[in-house]
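Provided herewith is a single structure, encoded as structure tokens, for subsequent inquiry.
As written, the chains take the letters A, B, C and D, and residue 1 is the first residue of each chain.
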């Protein structure tokens, strides 16, 4: 019987190696796999490249991972925001590398990696600093810039519901980057608020089919917020 | 106050600019609102005029802020503020959300800006070459992707320096993208000639507006 | 009040011009907008380019449109199949142009058009006849071929449920090409089996948001199969 | 029948080839089956061994054919035959379906073929340069996209001409893509050396198999 549920955070995090490219779902605090990020902090992998929309806030989660000097490089669209104190300190000290990518280009590069598309021509950023040094081409009278696929070794995803096949749904705006990141990594690890233990999700409402998912950890929300994760 | 004194210029406040923009948005448009003054536009579109607000983080049909105590932690807009969902709304993922943006499906995007140039260039994300960690977010995608890009901003900086200029000095968000600018002083259209003044606030004359502007202004033809 | 429902087939078809590129949803008979194709036959536009997975079967629907010499060119992945008699006769007589596109490349080209991507590098068809004359490039040690976006003037789509905002769901394998075609045309016309008149579809289960949809015609299935379309 | 007569060769029929392939598919794999012999493979995977069959037209979890009278007209496979959906199944659109294929997410694709070459080239969609209207469907995407491409076919044509060859003569579907070939006579792996014979049917010897094959055969190292 197919069963992608794992019983512990340690099992969920097994095998993540130093030097990995880690895709982190979420937009701001919403849809962020907080428990899995805490699990990654505990797991110990370092020299990571993190791909996420934001560069973390406060001193928890991604910010904590950076503060522990475990992140060599971050690829994001919105590094500097209210509370991004850890990132800003590391960046101005030259202790973290940054690649800024327009948010839509970031999403499309991740989607391309999951879809087997090596590169694509987009109109975004043409004529700006973020297109400098990149191949440009006029197609049907408009200028486009070539952007390449952005794949991960690991994706950490927050779902709302999951079944044993790894099929997922998301809740409201917590969907955001999660479904595309789930497609783009060699190892996709999911924390889910609810489980469908007796059966499977309705086939018409599944957003991420289980083919993209390797491991699912059940992390009820209350547990997560009160205790910082099931293993914390 | 006498009509001729400078103080009599009926400059708009932030809500005034937003309300002026809201008047120009017809029912049925799909609209993305940037952070700042643009976000206020939604408050000035009457709920019975159905406009579908899109947010980059995968929300179509963004509604007003929730009442205190009724905040849904799973539902935010691109500015990371709690919002509600209006009837007809839908949730999509980020690649689909930016397919909507880049694919020319939005009728309108309203952004704030540091500078707008007479050729339609917009600079709204970084203030200098040293500011390498600036947050671009979705601004570049929105600026090139929407059917219309309107800018909402103060006509000048706090120091009185013009924001409507011949050429942007700050790093560009997009080139040749802006169609209209709504400021606290005027509404201007960008045409092949440059800035054309369509409206000014009460008490302001064309010469005064020109003095606050860093590029040549034109009357409508 | 936003209301994308139209009352008649004539209203649904209004303004389709000679020379249009028409995207037709469906895979085989499933998810095919049969009533709208009949409506297009009645509407009269000619010199059409049709983009569809198949080239029609029998003497109805797309095959009938071709038989009436209204289709100049067809872009598809699977032209010759059981019953594609009209296409085969026209093609061997040199009376219809054909562009064969691998099915996944066809889907991705349509999706690219809807997503504002001008062109993309795909591994499909490298080393085959269908890549001849196309730009190829080695990226990370693998060869890819450049394919361009494929946009329509009109998309004809079959949905299962629709609300007045033009939000759509599909039924089972009738989803197929319909959602991507809905994104890729200047004018997207939908026939739907069911309508949500009193309210709107649930925001988590919408497959095509109304932003992609211009007109919706209610075509209950029984009517469609018994009478060939509501106006027939 | 005596063991030495040619008639004693226990050549597999179409279901025999399909059943042999089914033995090699472990639980949990995501598998796409092409038209013809490959489609039969699903019938030989016991239902309790959970394998998720994918169909290009946006179905994950394809199940057995429905009982007569229980056909669901909205649910077909890529061969346009009515099917059912197994627990855990999902419906997706065509671009997402081919993202699965092209994006290297399928553990296995099984295709039929006219020819397979010793370098892994496969020809399965068109029989000649004149056949310009051949139907390629999703074969080219599947051949390059799946983690493993296995071919199911007769070892020779009806006229006895080899289908396993040094170089394909028919138009290619993909180059260097095939990993294994399952025929009515043998199971072969394609390696840098060429065709390596892993199994032969009962009553057949290596020399006989070589005579039915258009390329050099090798024993496993």
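In the analysis below, a residue touches a chain if its C-beta (ideal position, glycine included) is under 8 Å from a C-beta of that chain, and two chains touch if they have at least 3 such contacts.
Please read these numbers as outputs of a predicted model, since none were measured by experiment.
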Any chain in contact with chain A as well as chain D: C
Rounded Å distance between chain C and chain D, as computed from the means of their C-alpha atoms: 30
Intercentroid distance (Cα basis), chain C paired with chain A, Å: 34
Chain B-chain D separation of Cα centroids, rounded to whole Å: 56
Per-residue overlap in chain C, given as positions that touch at least 2 other chains: 108, 111, 115-117, 122-123, 171-172, 203-204
Residue list for chain D, restricted to those that touch at least two other chains: 85, 91-92, 95, 98, 101-102, 145
Chain-level touch network, classified as line, ring, star, complete or other: other
Full enumeration of touching chain pairs: A-B, A-C, A-D, B-C, C-D
Contacting residues of chain B [partner chain C, same complex]: 27-28, 30, 50, 52, 54, 60-61, 85, 87-92, 95, 98-106, 145
Of chain D, residues touching chain C in the complex: 55-59, 72-78, 80, 85, 91-95, 97-98, 101-102, 121, 126, 132-141, 144-145, 171-176
Complex contact set, residues of chain C against chain A: 108, 112, 115-123, 139-140, 142, 144, 148, 169, 171-172, 203-205
Of chain A, residues touching chain B in the complex: 27-31, 77-81, 87-88, 91, 98, 100-105, 107-108, 110-111, 122-130, 170-180, 207
Complex contact set, residues of chain A against chain D: 1-2, 111, 113-117, 163-165, 167, 183, 199-201, 203-204, 206, 209-212
